[in-house]
Structures are given as C-alpha cells and as structure tokens.
Amino acid sequence: MPSRKSAPGNFFEDFRIGQVLRHATPRTLTGGDAALYLALTGGRFALSSADTFARKAGLARSPADALLAFHVVFGKTVPDISLNAVANLGYAEGRFLLPVYPRDTLTAVSEVIGLKENSNGETGVVYVRTRGFNQNGAEVITYVRWVMVRKRDKASPAPEAVVPKLATSVAAGDLVVPEGLNFAGFDPVLSGSQHFFEDYEVGEAIDHVDGMTVEEAEHQMATRLYQNTARVHFNQHVEGKGRFGRRLIYGGHVISLARALSFNGLGNVDPIVAINGGRHVNPLFAGDTVFAWSEVLEKAELANRRDVGALRIRLVATKNLPCADFPGRDAKAAMPAEVILDFDYWALAPRRS
Amino acid sequence: MPSRKSAPGNFFEDFRIGQVLRHATPRTLTGGDAALYLALTGGRFALSSADTFARKAGLARSPADALLAFHVVFGKTVPDISLNAVANLGYAEGRFLLPVYPRDTLTAVSEVIGLKENSNGETGVVYVRTRGFNQNGAEVITYVRWVMVRKRDKASPAPEAVVPKLATSVAAGDLVVPEGLNFAGFDPVLSGSQHFFEDYEVGEAIDHVDGMTVEEAEHQMATRLYQNTARVHFNQHVEGKGRFGRRLIYGGHVISLARALSFNGLGNVDPIVAINGGRHVNPLFAGDTVFAWSEVLEKAELANRRDVGALRIRLVATKNLPCADFPGRDAKAAMPAEVILDFDYWALAPRRS
Amino acid sequence: MPSRKSAPGNFFEDFRIGQVLRHATPRTLTGGDAALYLALTGGRFALSSADTFARKAGLARSPADALLAFHVVFGKTVPDISLNAVANLGYAEGRFLLPVYPRDTLTAVSEVIGLKENSNGETGVVYVRTRGFNQNGAEVITYVRWVMVRKRDKASPAPEAVVPKLATSVAAGDLVVPEGLNFAGFDPVLSGSQHFFEDYEVGEAIDHVDGMTVEEAEHQMATRLYQNTARVHFNQHVEGKGRFGRRLIYGGHVISLARALSFNGLGNVDPIVAINGGRHVNPLFAGDTVFAWSEVLEKAELANRRDVGALRIRLVATKNLPCADFPGRDAKAAMPAEVILDFDYWALAPRRS
C-alpha cells in the first residue's frame, strides 16, 4: 500500500490569481545562523558583524544580514512555489521593512499576482508577491518573484494571462531606513572603508578584485540553512543524468557571494534596503570561482535624513573571469558566457557630517 | 622518552559486566549547534525550527532535535567504548525522556550489560546501556547499543558470555511525551504537512522521493560537532590503505539524513521519542546520494492524551537508489546492496481535535 | 569611469616604525562561532565545551577557545598588514590576558615595531605588535608577528632597518591565569584525561596518534569565519596558475587542527595562555592528512597558585606522516618535508591537590 503523502509540489495548473499561500516551517534565527552565513559567504559588513557597531548606529544589537533574512523567507516559498520550477526568472519590488534580530522567528506568505502560460504548452510563468513576517506579525520583507513552472498535463487549458505591472526599481521615497538606525557617528576605520555617500558617483564602476571558489559542501550547507528544498541543488544521482550533469548552485548563494566580495569597494554601503531586480544569467557549479563588479546606478537623498543616503547599485558576478574589464557592462554587446548574475539593489551609505 | 599519555581506548578484555563508565567532555548545546545540524542535514520539522511553534506546543522554546542530542551523547561514549570497534551492531530500548534546550549541558554514563567473545577469538561483542544527563542531573536519553570490539590479545581468556535480553521495541506505555508538550492547537499549515495521526495506517509505506548527496566536509563537520572521535571517519591517510580505501561516514549522520528526507511524507511525525532498533546495513561514502522510505509499523494511542498519538516507523535508507519500489521491504528477499540503514523508532504525531 | 575604491592593501613602502593601524570589522562572537570552531577543528577541551565545567572552574561560562579568539584578532589585521604578503614568518610574545565570552566583541590594533628590506629589493619584513580588545576596551590578546611583504616598486629606497628584540619565550612570571579560574576541584573524568601537571616531565614527547584529513570547504569556512581575507586561501582561478597550483590552507587552521589532535595526550593542558613562537614550515593543501606530536619544553609553577601550573609545549604537525617517530625532533637533522608546523606555547594544567 504505497501512500501519497510525499508532497509533489504545485504545478502551473494549481495556481490561481489572488491565491494566498501560507508557507510552512517558521524559523527562529540565532547567532548560529549569523556565524554560518559569515563562514559560508565571507561577509565583512560591520553592522552584521558586531553588536557594538550596531548599537553605536542606534540598533538594539547586530541584525541578521538582509540577504540571510531574504534567503530564509525565500526558502519557505520553494515547496509551494518552485518545487517544479524550470527556472527562477526574476525579482522586483523587494523591500526590507524591519531589521531581523537573533531569536526573531520568520514566517512567509505569498500571493499569486500573475500567470502566463508559455506557447509550448508545457510550462507557464507564475508571479508571486511574498511577504516575510516576524514573531509579532510585523512585515519584515516583501518582494515579487516570477518563476517558470512545469504543467502537470500539457492538455490542461491555459488560464487567462495576467502579467503584473512591476516597477523597474523601488522609488527612493519608498525605501525604509531600519528602525532606529542613525549613522551620525559612523566610524569609517572600524567599518573598513573611507568612502561615504558623497564619494560615489553615478556611473562609477568598481572592480571588487577578489575571487571566491565554491565547493559542493558550501553551497549545500548554505541552501539547507535556508531550508530551501529545490532538488537541483542536492541530488547528484539525478542531476548527474540531467542537463548539466552537475548539481546547480542556488542563485541566492551567488548573490550572497558577490555581495560579500563587493565589500572591497562598497564597505560602507550597507544594509541593503531594496531589491530592484535580478537575473541569474548563467548557472554556477562547484569548483568555479566567483568574481564581481558593481556600478553606481543612482544616488538618492532621503527625506529628513542628514546622516544617511541611498545608493542604487548594479552588482554583476562572473565565474572564472576577473572583473577588471567589467564584463557585461556594455548593454549593446552580447552578455559574456561567464556572467552569472545581474542584480540591482538599493543600500544605505553614511553621509559625511 | 616517548610517553604513553595518548589514550589507546578500551579493548574487549577491558570490559566487565556491571562496569560503569563516566564519559568525558560535558557539552553545552547552543543555537550554533542547532543551526549547524540544520545546515548539515536539511531538517525541516517545525518544533526544532521555531521558538514560536514550540511555545504554541507548550514548550519553553525550540528544543534540540532528538537525534542531535542522541549523537552528542553517543559521541561521548566513543573514546571509552568504540575506539577499537570493528562495527556498530545495533541499538535498542532507546528513549528520550526530557527535551534538550539551548544552553543545556549534556554528559553521559554507560554501564556494561553484556559481553560475548566471538568464536574467532579476535573480537567480542560489548553491550552497553548509555544514559545522557542534563546540567541538573536529570536523565534526558537512555539507550542500549552493542558493538564489536577488538581484543588486545587473542590469547586472553574469553569472559563468561552474557547476552542481555532486549525488547524488540519500546512499549507504547513507556513512551514519554516531552514535558509540557501539547499538540491541541497544532497548525498543519505552519508545520508543512496535512497528515495527522489518524491519517496513517499500519503497513503504509511512504517514498520520501528526494535525494541528498553527501560530501566529505559535511560528514566530517557533523561528526566533529558531536565530538565523535572514531578514527575511520577522518583519516584518509590510514583509511586509504584500508578495507574500503575511503573514509567511512558516521552511521548517525546517515540516520539524520534519512530522517531529514522523511519530512516529505512524515512532516508532522515529530519529535522522535524512542529508538527501537537500528542496523547499518552497508557503509556510506562521500559522493553517494542518500534516499529513504518509511513504513508505518504500529500506531499507539497514549494514556490520557487526546492531542497526540505515537507512530512506530521503520525508516530505510539507500545509497544511489531512489525508493519508489521500497528496496528492502520484502523480508524474504535478500537485502539489496544499496540499502544502508534499517532503523525503527517511535515518534509523536498530532491528533485531529 | 573605473574607480579606485577597492583596497589594494599596504605594500612594504607604506609601513613606518611606530605607525599605529586600527583594524576594521569589530566582531561579536557567539555560540555559533564556538559550534563552528568545534565542527571545523574537532576540539574536545572541556573548558570551551561546557558551561558547567567552566563554572566549576570559576569562570562565568564556557569561554571561546584561545585560538578561536586569536584567529579572529589575526583576521582583522590581514587587510592592513598581509594582503600583499609573500609569507607569514613568525610569532612571538603572544599572551592571552582575559577570557573571551559569547557576545564579547573583538577589535584589533597593530603597531609597526620593525622593518627590514630584503636584499633582493623586492620584499621586506614587517614586524607588528597586535593587540585585541573586547567591548569594554580591555586588552584580551597581544602578540608580535612578522611577515614578508611585497614592495610596490622595487626602486623605492629601503628604510633604515629596525629589527625588534623579541623574547625567545614568554617568561613564566608574565603568564596570566584567566580571571577567576580555579582548578582546585578539577574533575579528570569529565575532562577526559588523568594526567595532571605533576605527571608531565620536561623532555617528554607525546605522539597524538590520530590524523585529520582536510577538505577545501572546511579550511575556507574556518578562514572566512575569522574574516581573514588573504587571497591565497580562496581563489582557485588565480592559485591554480600560481606556485603551488592549489589554494593554500591558512596556517592558523593548521595550528587549530594540530592543537585539537593534541587533546589525545594533553587533554588537561588547557587553556593556552601564551604563544612563544611558531613557524609554518611547509604548506598544507586540501586532501592532506594532519598528524601531530608534542614535547614538553618547560614546566613552571605559578606564584601563589597551588591549583594550576604551566607547561611549555612544542607542538609539531605533519602532513601524511604519522608521528610515532616524532619527525623533526632531532634539531641536528634536516626538517622532514612532511613537517608543516613548529609551534611553541604555554598552557595551564591542573595540579593534584
């Protein structure tokens, strides 16, 4: 008597516009998660490294890195949204609304806001708005992502196509400075960078120089830490026979590695407060070395704030290709095959007093 | 002047019936251990993931996964019991008596309850009952294991054979519901499974579908986390010349991986409250992919409890063989070479109110 | 418009005698760091394993292993001191002044105390005294290290050579017993070793027997945990074309592995209170197996202490060579190529009451 209790995940036919999915597995973050995140990515941003630095900046203590919180929320959505996904297509309208502290518990809820079957009749694109909450029910993160999901049955009728209108980027006026944050007494020696908001110029491109080689054990540990169950990351027995012959590295780990590398040039540009967009241009595999470069897309002063401004950054990551020549920068040229990530976010930076 | 201060471990001749071994290295568990356990195994059971879920279920906060506590207690016994072991043969009469919370400190004591020399005169079987205690001296875990241990000297006389009579399984009446636990308000959306105690039938078999490939760094980190010093897991210089030419993965890591995979089908069947038996059928090596399936062996209502029942589960793990056909299920057929674990435990499950 | 915001690190010409470098990235240690340190190195010393053991010994709770604190402080100095280093040449006059507890925050400051250009005109040796502080501004660690650093320009004039006079070893009278520590009630069963201060003799050599094979993921995680950014540890794309064709394992990870192995023979010889010297004799690479042996160099009673004494230990580590014959012991013979570490430290040991 075989049972049907294993979850098959949702297929394209299972989604409806307006459908609300309350995701499983609430998760309490601790200093253990912060230490692992650091050991797996190599981050050095001072705010998520030290209670003392965070307190001097007005916070209760050192908060979780914004991307750690993002990955944990994202991971919860996988069993419901993307277990049968072919590809994670994009992100938009991501905003970080409240800091996440050790012992906070995260939960996640998604709403289906778009559906469009592909012309091949085998897959469709699902758009969801996901919101992450803490133990007090306060919203800490919100973002939209869209993903290509398999149909269970090619013969199923296509739903009416609904493609949500998404902002190209989060408006500066919608950025939320973490509750209590004040960079008035910012110490650029302790933070590890002398560059303030005023020192960055729109159009400036920064090579982050360093490279980080990724091992199977590392990306698997990171992805499990987020309780992200997407099968392509873990099962060599199956993936070995698949399209790449390899386990695929979770795209979120690529974002975190590139972001950690970007400390070398953007050491004071933290925390991330919005995700404008992102594209996993090519896959990353264990043994590859990740490099990164950034471009300043926009600068924004924030209402009533003299201590802090916002920088909109394009973060590009490559594999096995150093970034002194800013690969992928020329929008008219073809994207080099070594480019793996094209990510667009807002982060805060201290202003000179 | 070479010294003899390195511990050689005990040999078969060193054990006596009734001998009590107080094991070394008390160990305080923290959120760091919980995060690592999760990152190394991929667990998703809600109780050990979130303080909020644990509190709603009547506990003080999120407890350590039962198997994490088990491995830490087990690890302490290795230097005294199994440093010169050839094989870990079995477990019985394991019971979890109290939850283990972050900042609890575990210690362990074993008593020798059986001894039987093998006919080859080179090894013997040692049976021990091990008990784990917290910092208040309260017993949190008890179990029996038996292990084949080398003799120091083949010429040593055999002791009188004593083979303890061990229960095939823990009686349902002896199961201990963790202090304070109440599943009356159990939320099957947050837990990630809609299946309650009532939904499982004796004889039902569940394919857990997913596979997890294991890396050397992962099993070494897990085994060191438990301060388990068995040499076969760590020393490629020696193992490379040995029987398998490889480092052997700690059998407890296999149990934890299979258990984590079993979330997909047994998402509400947690926590584990007893270990009835277990056999490491074949060795696992790095690069192998672990799959698992389960069978419901028994169902038990618990005295004076309407909120919770107990399921006795047989958990079978394989390497490099998906489990849709339930390999090893037919007791009359030979056990397939891909089967690595045959484990028998009791866990709790919420009842519909 | 490429920018120059990525840090190039200091070259030999950038250092001046008396120069003080306040290093970046304050770092709050937690139970997460302790769990990772244990999982990555395999330590079993009771003091840093259990709050109960530490409290019985007079401490507030289980402190961070001395070497974990050392690596974190060391890591901070890398971006300023050794980003352009060719080799880490030595350590001296290291002392541990205060225990580091979970939630303590470490910062570091270095002073340049020596400079000597090499005759090839391409590199020079920089000597720094580094001090680590906690969140109260109290000094917790101090040590000297010297490192060979590249010149930016071979044509730069050599500075006047200043070579500091460094002690061969820390004087016993300068050793600091951790605040509050009292070993009067030391329990040698819980600690895992029956050997007290009185049982060790000067000249005694101990083979630590066990071997530990190192994986790329492990040393990378350890080194990132310390926020040590030295490039040779992480970037296979570049190192693959370099001198060794491999990523080099951080020498501090070798010290920690050898120290963890030394538990088997030195189980009560903890905590480390001073570093007298150390030399990374040969490089270690992933896949190698580390072995270790120790020699007791000196024994010292401590003023007004009947509970505790100090042992000066030489710790030698090898790769792929067991240490039953104490390789490298004969000072007149050539150092075997398998020797990777020659380290000299003071640690405390309980005295029999």
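The first chain written gets the first letter, and so on, giving A, B and C; residue counts start at 1 in each chain.
Following the convention adopted for this analysis, a residue touches a chain if its C-beta (ideal position, glycine included) is under 8 Å from a C-beta of that chain, and two chains touch if they have at least 3 such contacts.
As the structure is a prediction and not an experimental result, all values here were calculated from the model.
Copies chain B and chain C of the same chain sequence form an interface built mainly from non-equivalent positions, shared numbers / all numbers used being under half.
Fitting chain A to chain B on C-alpha positions gives a rotation angle of 120 degrees, to the nearest 5.
With centres taken as mean Cα positions, chain C sits 36 Å from chain B. Among the residues of chain A, those touching two or more other chains are numbered 30-33, 35-36, 102, 215-218, 221. Every residue of chain C that touches chain B in the complex is listed here, in rising order: 30-36, 38-42, 44, 46, 49-53, 62, 102, 189-193, 195, 199, 201, 203-213, 215-218, 221, 264-267, 287, 289, 291, 320, 322, 326.
Touching chain B in their complex are the following residues of chain A: 1-3, 5-7, 22, 24-28, 30-33, 35-36, 79, 102-103, 105, 107, 135, 215-218, 220-222, 224-225, 227, 229, 231, 234-238, 247.
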